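Below are two complexes that have chain A in common, paired first with chain B and then with chain C.
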Partner chain A sequence: MRRKQVLVVLLAVMISPAWLFGAGTVSGKVTYTGTPAKQKTIDMSKEPSCAKQHAAPITTETVVTGANNALENVVVYISAGAPDESSAPSQAVTFTQKGCQYIPHVLAMRAGQELKVVNDDQTAHNIHPLAKVNHEWNKSQPPGTPPLSEKFEKEEFIPVKCNVHPWMRGFFAVLKTSHYAITADNGSFSLPNLPPGKYTITAWQEDYGTQAQDVTISGSETKTVDFSFKAKPY
Partner chain B sequence: MGRLFAVILVVIALASAIPIVTHTWYASGISLSPPPDISKHGHAIDEQLSETMIEAGLLFLAAQLVLAIFVGKFADRKPEDQIRTFPGGAKVMVIVALVLVGSEILALGVLGQKAWANVYFKPAAADALQIQAQAGQFAFYFRYPGADRKFGALHPDKIDEGNSNFFGLDPANDLESRDDIVTGELAVPMNREVLLLMHAKDVGHSFYVRELRIQQDFVPGLDLSVHFTATKPGKYEIVCTQLCGLGHYNMKAYLNVMTQEDFDSWMKQKASEQ
Partner chain C sequence: MRAVASIFGITILGLSLASAQNGGVSSGYPTPKGNFTNSQQRGHGLYLRYCVGCHGTYGDGNGENAPYIDPKPRDFVTATFKCRSTPTGTLPTDEDLIHVLKTGVEASGMPSWLPLSDQNRADLVAYIKTFSPRWQSEKAGEPIKVPAEPPVTKESLVHGGELYQKMECWKCHGQQGRGDGPSAPTLTDSKDQPIRPYNFADGGNDAHFKCGDSNQDLYKIFMTGVDGTPMPSFADVIQPNDAWDLVHYLRTLQTHRRSKENEVLKAAGGKIPVKTTAQ
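Up next is the complex of A and B:
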């Protein structure tokens, strides 16, 4: 009888949701030091139907900065120590081609999660994720065709290009963990609902690479983890 | 019966000559005349084309006429009639035909040499504006040397299209490439000679501007060039006319001929965007 009670309690401890113990949060800001490369104006004269969608010409998005040296479009995620996760959410993530530009520029998703690729333009696009770990594919999407549906099974940061419009560039961040965030224009991020434990937090920037920091969460505290990348002028 | 065939032959020959003589072969519902010529050398190409048309047309009509005469005269030959052969036999006939056709082709070549050589055999003037044209699947990009008048070296491993480095420049280490101006449209000042240095990034492509009367292939591994002087301001389409892959149909750019002042301010604008 007593053993059974212990077992039940043990089982409850094992499967109990994080809030039983209080959930921690890791939040912080990603910034840069130095001078980032000047982003180049994109010449879309080849594709007038796209060029006219932009009141002012857009620029490349390799390094997108905000006020106070903030870095946008940085993927911050738990690369080690994350508790076992449920399977990928059934809701799809959407990657849109509009004005010959990828929206969003960096799209994070869970491994195995459905990815929908939408063509909002009046021109044909060619979606070519340059995957190395996952299976590489290359699909044409004429205007007016329904969204493509795909998924990636393995963790990887995948550059995406369009063969018809060479200036188009985006990234898929395929992650095993559900604890990820992409920095906003003020460089901030927040990873909530973390059960107590020791974690490795990794920040990835498409041009500057990755940085990692360890953090220990005990109880329902909020820990601040900031990242700073060294910018390259060229 | 032979006479009837002869008449039909002549009618067909004349009927097919009419649209060519009246220039309606351009009438694809858009234009009744060739696209306007906006280059200094274009008139020579146009003249050569019409000379070729006239010469080939006259020969075509003459051949049809001779055929009609023979059909009319000999179609109704009776079995007992004597078979007549070319004076001297088949050998002489072949030689005569070869000499006739050969001199025709030679005459066209000699006449056309001037139009062709002015573009391809005569080097560009020393002060011609140098622009590099790069063709790659599936877009054209153009590079101006910038204030130092020198093109930075190309490093294929540095090509990063997402970062708009289409040529593979290395501005971090190569000072000459820092002021290079890369654009998606080919802007040129009017009445100034342009030397286009052509470079293929991947497969074969072709640079074709109807109004310039220029069509030149890009060949991977070869440094080719063409030179021209545009004379009329305006925007003209540059299309790839060498099947280069899936996106070939969409491989195009625009040639923008401007006045010198417009060109200078365009250049300034583009330099600030690099």
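Up next is the complex of A and C:
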């Protein structure tokens, strides 16, 4: 029995690309220089059912920062050189409207992957992705209705808004690759399981735009790639 | 003098013949000789004569009149169209576009183009479809099914009124449908231009909806959404029969328009018992 288990593990290791090529990792941190614009406080008094969900008034999330100039909500992904991944994961990604906020503020997904949109609020929202490469659509989701199921077929960073609650703004990052990460509150990211090769790593921030760097992975190594954005004061 | 008179006579004769036959119009502009089909070429000439001032040379809605127009002219490059029989996010059918050319778009700068012939309208549609590559890679959406309209009853008005509350239509359109709901002042279209919600109470006996004036048109407006504007599609959250009840209720918000809905409302005492949500 034990021998059988060992065999299964050995087989799994042998067929994994990581064993064949050696899997590298690109990790790093995204920071800013200068002074970012002060985020605006949101007045939700017109929507009491949402306002009461927040102990203190929340702010816009165009630029979210952490300690040591860390930049949160930055999408870091492989924009060139990623191994071809033909099919999107079967598991859906979820975008939740709660307290008249989008959670998460930036949601990344593979092109063709199922997107579930959930309304956890006691008010109706309309989900309005302002797509240009994909198709713009606009759907109402009153309270208590089931999640909406959607997908986007082409790579694009799509602003999402709710017209009823104009402070609700978020982004869908639709990517061709599964090798992506969204920076945490300390600005860090990690892109594991990269076979040897030359890659372009791109970082996208909704207000500051994109930056790209090339990196070469030659085995099971970890390369550090850091990004620094110049903050817009206004 | 005689020559002038005969030219005048011929002109009058020509004009009356044209109007008698409704043969449409020709643009008077030279048409390009590119890869266009004959229909697209004719449409291009008509476009330069009638549409370019607002929709622009490149079809992007930036014609020379555009800065003075509210709401802004359609951008044919994005191929996002307001009035469709097809689901939100899909391309309209040719019939949808022809319908808009016939009826115009209410409360906007887009007039109806009834003097054009059917062939003129078909040519214009063929031409405006050259502005976006979407027309090459995609088919028009499948038109939504509109079931036969049930009779208007007091009950359907009451149920429609309940839906108006439940779907929170009043958030933008207001409790009386006057376009003055709490979200109305902050609404913007997809190009961040301020936009007003439709005011049902405005207009007299000939009041039109945004995309036509029949009950079927109204059904399609909220079941497909008005793409490019804040008005979403309710197709996922309203069942077809419930949708008819909402149509009947919305008609009663057109207080100055004679309709079977307003007659039923009058017979019911002029008021229906709808509990309004706190505003």
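To be clear about the criterion, the second predicted complex is superposed on the first by the 216 of 234 C-alpha atoms of A that agree within 3 Å, B and C clash if a C-alpha of one lies under 4 Å from a C-alpha of the other, contacts with A are read in each partner's own complex, and residues count from 1 in each chain.
Note that in this section contacts are C-beta pairs under 8 Å (C-beta built on N, C-alpha and C of every residue); 3 or more make two chains touch, one makes a residue touch a chain.
The structure presented is a predicted model; accordingly, all values stated were derived computationally and were not measured.
Participant: For the three-chain model obtained by superposing on chain A, do chain B and chain C clash or fit?
Facilitator: They clash.
Participant: Quick one: classify A:165 as touching chain B (first), chain C (second), both or neither.
Facilitator: A:165 contacts both chain B and chain C.
Participant: Who touches more of chain A, chain B or chain C?
Facilitator: More residues of chain A are touched by B.
Participant: For A:119, decide between first (touching chain B), second (touching chain C), both and neither.
Facilitator: neither
Participant: Please work out whether A:202 is in contact with chain B alone, chain C alone, both, or neither, and reply first, second, both or neither.
Facilitator: Neither chain B nor chain C is touched by A:202.
Participant: Counting only touches as set out at the top, which of chain B and chain C does A:41 meet: first, second, both, neither?
Facilitator: First partner only, chain B.
Participant: Which partner does A:145 reach: the first (chain B), the second (chain C), both, or neither?
Facilitator: Second partner only.
Participant: According to the stated criteria, A:234 is in contact with first (chain B), second (chain C), both, or neither; which is it?
Facilitator: Only chain B; A:234 stays clear of chain C.
Participant: Considering only the touch criterion stated at the top, classify A:96 as touching first (chain B), second (chain C), both, or neither.
Facilitator: Once the two structures are laid over each other on A, A:96 reaches no partner at all.
Participant: Tell me the contact category for A:137 with respect to chain B and chain C: first, second, both or neither.
Facilitator: second
Participant: In the superposed arrangement, what residues of chain A touch both chain B and chain C?
Facilitator: 46, 123-124, 126, 140, 163-166
Participant: With touch defined as at the start, can you tell me which chain A residues reach chain C in the complex?
Facilitator: 46, 123-124, 126-128, 130, 132, 135-142, 145, 148, 163-166
Participant: Which bits of chain A are touching chain B when the two form their complex?
Facilitator: Going by the criterion above, the answer is residues 38, 40-47, 57, 60, 62, 123-124, 126, 140, 159, 161, 163-169, 207, 232-234.
Participant: Under the touch definition given earlier, write down the residues of chain B that touch chain A in their complex.
Facilitator: Residues 136-140, 161-164, 166, 171-172, 183-185, 246-247, 250, 252-254, 273-274.
Participant: Given the complex with chain A, which residues does chain C contribute to the contact?
Facilitator: 78, 80, 88-90, 166-168, 171-172, 182-183, 186-188, 190, 225, 227-237
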